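Letters A, B, C and D mark the chains in the order given here, with residues in each chain numbered from 1 onward.
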Amino acid sequence: MNEVSTNILLIHCPDESGLIHKITGVIYRYGLNIISNGEFVDRVGNRFFMRTEFSGVPPTDLLHELHALLPANASVKLTTLKNKDVVIMATKEHHCLGDLLIRHSYKELNANIKGVISNYPDLEGIAKRFEIPFTCISHEGKTREEHEKEIYAVVKTYKPDFIVLAKYMRVLSPAFVSLFNNRIINIHHSFLPAFTGANPYAQAFERGVKIIGATAHFVNDSLDEGPIIAQSVIPVAHSHSVKEMTQAGRDVEKQVLAHSLDLVLKEKVFVDGNKTIIFD
Amino acid sequence: MNEVSTNILLIHCPDESGLIHKITGVIYRYGLNIISNGEFVDRVGNRFFMRTEFSGVPPTDLLHELHALLPANASVKLTTLKNKDVVIMATKEHHCLGDLLIRHSYKELNANIKGVISNYPDLEGIAKRFEIPFTCISHEGKTREEHEKEIYAVVKTYKPDFIVLAKYMRVLSPAFVSLFNNRIINIHHSFLPAFTGANPYAQAFERGVKIIGATAHFVNDSLDEGPIIAQSVIPVAHSHSVKEMTQAGRDVEKQVLAHSLDLVLKEKVFVDGNKTIIFD
Amino acid sequence: MNEVSTNILLIHCPDESGLIHKITGVIYRYGLNIISNGEFVDRVGNRFFMRTEFSGVPPTDLLHELHALLPANASVKLTTLKNKDVVIMATKEHHCLGDLLIRHSYKELNANIKGVISNYPDLEGIAKRFEIPFTCISHEGKTREEHEKEIYAVVKTYKPDFIVLAKYMRVLSPAFVSLFNNRIINIHHSFLPAFTGANPYAQAFERGVKIIGATAHFVNDSLDEGPIIAQSVIPVAHSHSVKEMTQAGRDVEKQVLAHSLDLVLKEKVFVDGNKTIIFD
Amino acid sequence: MNEVSTNILLIHCPDESGLIHKITGVIYRYGLNIISNGEFVDRVGNRFFMRTEFSGVPPTDLLHELHALLPANASVKLTTLKNKDVVIMATKEHHCLGDLLIRHSYKELNANIKGVISNYPDLEGIAKRFEIPFTCISHEGKTREEHEKEIYAVVKTYKPDFIVLAKYMRVLSPAFVSLFNNRIINIHHSFLPAFTGANPYAQAFERGVKIIGATAHFVNDSLDEGPIIAQSVIPVAHSHSVKEMTQAGRDVEKQVLAHSLDLVLKEKVFVDGNKTIIFD
């Protein structure tokens, strides 16, 4: 923990008077230098959120001191900007995976991609181009429980900080999701909450919408319902076919997924119930 | 019909070979000058759509000649860019109405606003500022049928080409809607099909979305389900309250409604089943 | 100063260690409740900026206490969310003025519009609709100095906190601008720094751009060069005429101007050299 | 020429009456089936542009027949949607090149990338991952003329339909450009015409803009001045460093370049003086 890189302090707790003063007091007293600071109070839930970047060597008992000042059930996390370990799960589509692999190969992702797991063999080629281990675990002839057990056996060998669903087209069970609480990021190919479920571009085409979008979110028990991290949209027109909408949507998907990963991997995202608080 | 202003010819019919050649042939033969021309074929429904602006005096039997060349059930409409007569229905919110009244007072709307009808008296002031007749028809103590009967009695005196629902917050009955088929334009305060129904900004806040939007659409029997004319969005953040999302949404609503009216009143919009074809 | 409404504390000064801790300490000690808080350090200029909203009655010597803790040349401002007094200057175009007048008439602007001044009589009608004093001060046959002297004679009777140039199409002299340092907001009809000067839509049309925009900025000595508050854009196409680009641009202009005024009038904007820091 | 794939007919000429009727008449007479059709008249230059997609085998004398009907100096081009041959030139930055290589490897680009040429060796790795020939031609110690002569020696072996400057950071001479008239596409890292020249993100940071962008354009004699094909923007804030603006800008650059290539390679772009006409 005593490294000299940029430190990130993440605190959330019930709101009460004087929190900023108390927290910055500890940092100030140790001669640590705040680089940037952000606070937010969720007035509905009366929750306080604070993210502080600071330089200098944090003392070993910083967390203890902070806990002593804060409400009893405060969450305090001290981390750094070092790369996080990530496993990518995908199915057949390459656009999100390919974009992440290029960013990773040029060290732009703040992550070590430890491996790619897919239920089809199609993406082995692109993973190999970037020398990332690829494991195909077919779901065919298996129950969801059996399939996820095999996936988990591989995932756990990577000890990932986060799992990225880069167009993984199967629903994960609550049991699997609960193993990685708020640590699974999914890209959904629509502007949620519109067009949940499969085939959103066909739905969008049928409905005659003039804008389509993509949503990156943490995965929780309910499909397509976890806290939203980022969304973006592009205009479409009556002249676009489903195929053209799909292609246009892919460019939005990969951009939104990369952006949301950048936020998550730089520890800029708090989860607040079914929402996210983002310090950017 | 024999005026010298810009003429607009709107044709839709089952697609078949040679339609553009035949239609432009009639125009060419009469020495009419095409200013702009657009065609679209809906490949799913195999429908042909064509919009032609031309100058010159159209001969009286232009439509007959065209019908003789086209498939039996072709729709052929010849109109001009002259102002259309419009009635606005609203409830309490002023932002869409006010924006339309200013545009109208400076002759930017391609419309004559004949009157404003509301189920509350709140907007009488803004209508009066712009010298537009205002009628308050309260819905209280009346069945929907009775209320709409009173509204219709006023509306029909204006003989409107279009009815604009500028934040009219009550559901119109299928019976009323059927009197103005594809001639009622509504602004819905969300990015349809997300957040149908009442209070979409509260829904958006609860869901923690990162983008909100607005949708202008023709009204048909099903609430929030008619052909979409235009949509637009703006980003929001976790720091925005429901009130701030609502305020931000209003700016999008009025811009989308004005834009969609501009398209409709300039005869740039075809309805194709539950979609629109827009020649812009 | 001792009112109970929301207070806003605005501080900027050279950055040094412990500033947040010291400032929040004073607020905490007086039992004042922080509603929201934002800080930013400009690393290039090593300047610290902090905006704090708090409720409660601020003690009379709050500013003295803060100055005692802060670097010698710190700027400390204590204000509230009460409406600011505003004068609008315009020329002939109505779209920005009309939008502000409607917002003002529904108390959405956080401002009291004291009067409208124009160098042409065209906008008297719209001002009268909203019962706002209108003064026409023609520039014809006058030097810029003479003209501005007449304008100033009217402006000063209103004692405005801010002057809004809502499409005022003449260049203000440095002498006039210096009387209202960082208190004049202009809407420029282009995406600055592209297309400075007159007739930007004609320039945009000539250049064949695919996006046009608008820029709201504080006015300083150099035309079109003050700190930018807000910008927005919309797509255009080869099929748009200069007139259509102008019309599309107007909708962006009025939206950007209203948004930037909302930021300024809610005291969310710091000027940092030739840039703005915005706490939103 | 007698293939059965989708044919594309591109015509531009001085505008005159009856052009659409005459052109579609030839197509109709040969029993060719129009899939989509677009026309545009540049009213300033009085130029007519038409793009027609049709299926069926075009007769060998189609072009002769068309020329016979059209004004003397009409440009008539008959092509297909088959892949075009492309050479990519780059310098050190990988984001645009990488994005194009992935799209190419999945056959999404409508192009055969024949080779990559760079004045630095940095990008050899990414080209090799995708098995595309890479040639490093250093400019050091050479005149521009000498350097371009070496580049041309390589380029001509590929016989490219188009040259893509995917962040090639040197200015091409008019002599070189004239060899590939309207066939060189460049991505400029700013929202032209703002921030021409080098280091636009540093310029944008200095100016304190709230939106940055990217521009894809054909290259002509004047640097940063050719016909614009596509532009896009993203918002930035005072909190963004030059580095963060640069990173954000890269995502826009690669998206705009890919989109503009899609338009060009599908033959949807006409050059009209210093502008483009786009049929999408």
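One rule holds for everything that comes next: a contact is a pair of C-beta atoms (placed from the backbone, for glycine too) under 8 Å apart; a residue touches a chain by one contact, two chains touch by 3 or more.
From a predicted model like this one, the values you see are computed outputs, not experimental measurements.
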| item | value |
| --- | --- |
| Between C-D and A-D, the pair joined by more C-beta contacts | C-D |
| Listed chain pair A-B, A-C or B-C that repeats interface B-D [over half of contact pairs the same by residue number] | A-C |
| Gap in Å, rounded to a whole number, between the CA centres of subunit D and subunit C | 41 |
| Subunit A and subunit D, separation of their C-alpha mean positions in angstrom | 35 |
| Where subunit C touches two or more other chains, by residue | 36, 40, 239 |
| Interfacial residue positions of subunit D with respect to subunit C in the complex | 40, 42-43, 191-195, 206-211, 213, 227-233, 237-239, 241, 272, 274-278 |
| Complex interface listing, subunit B residues touching subunit C | 36, 94-95, 98-99, 102, 105-106, 108, 126, 129-130, 239, 247, 251, 255, 258-259, 280 |
| Subunit B contact footprint on subunit D (complex, rising order) | 17-18, 20-21, 24-25, 27-28, 31, 33-41, 235 |
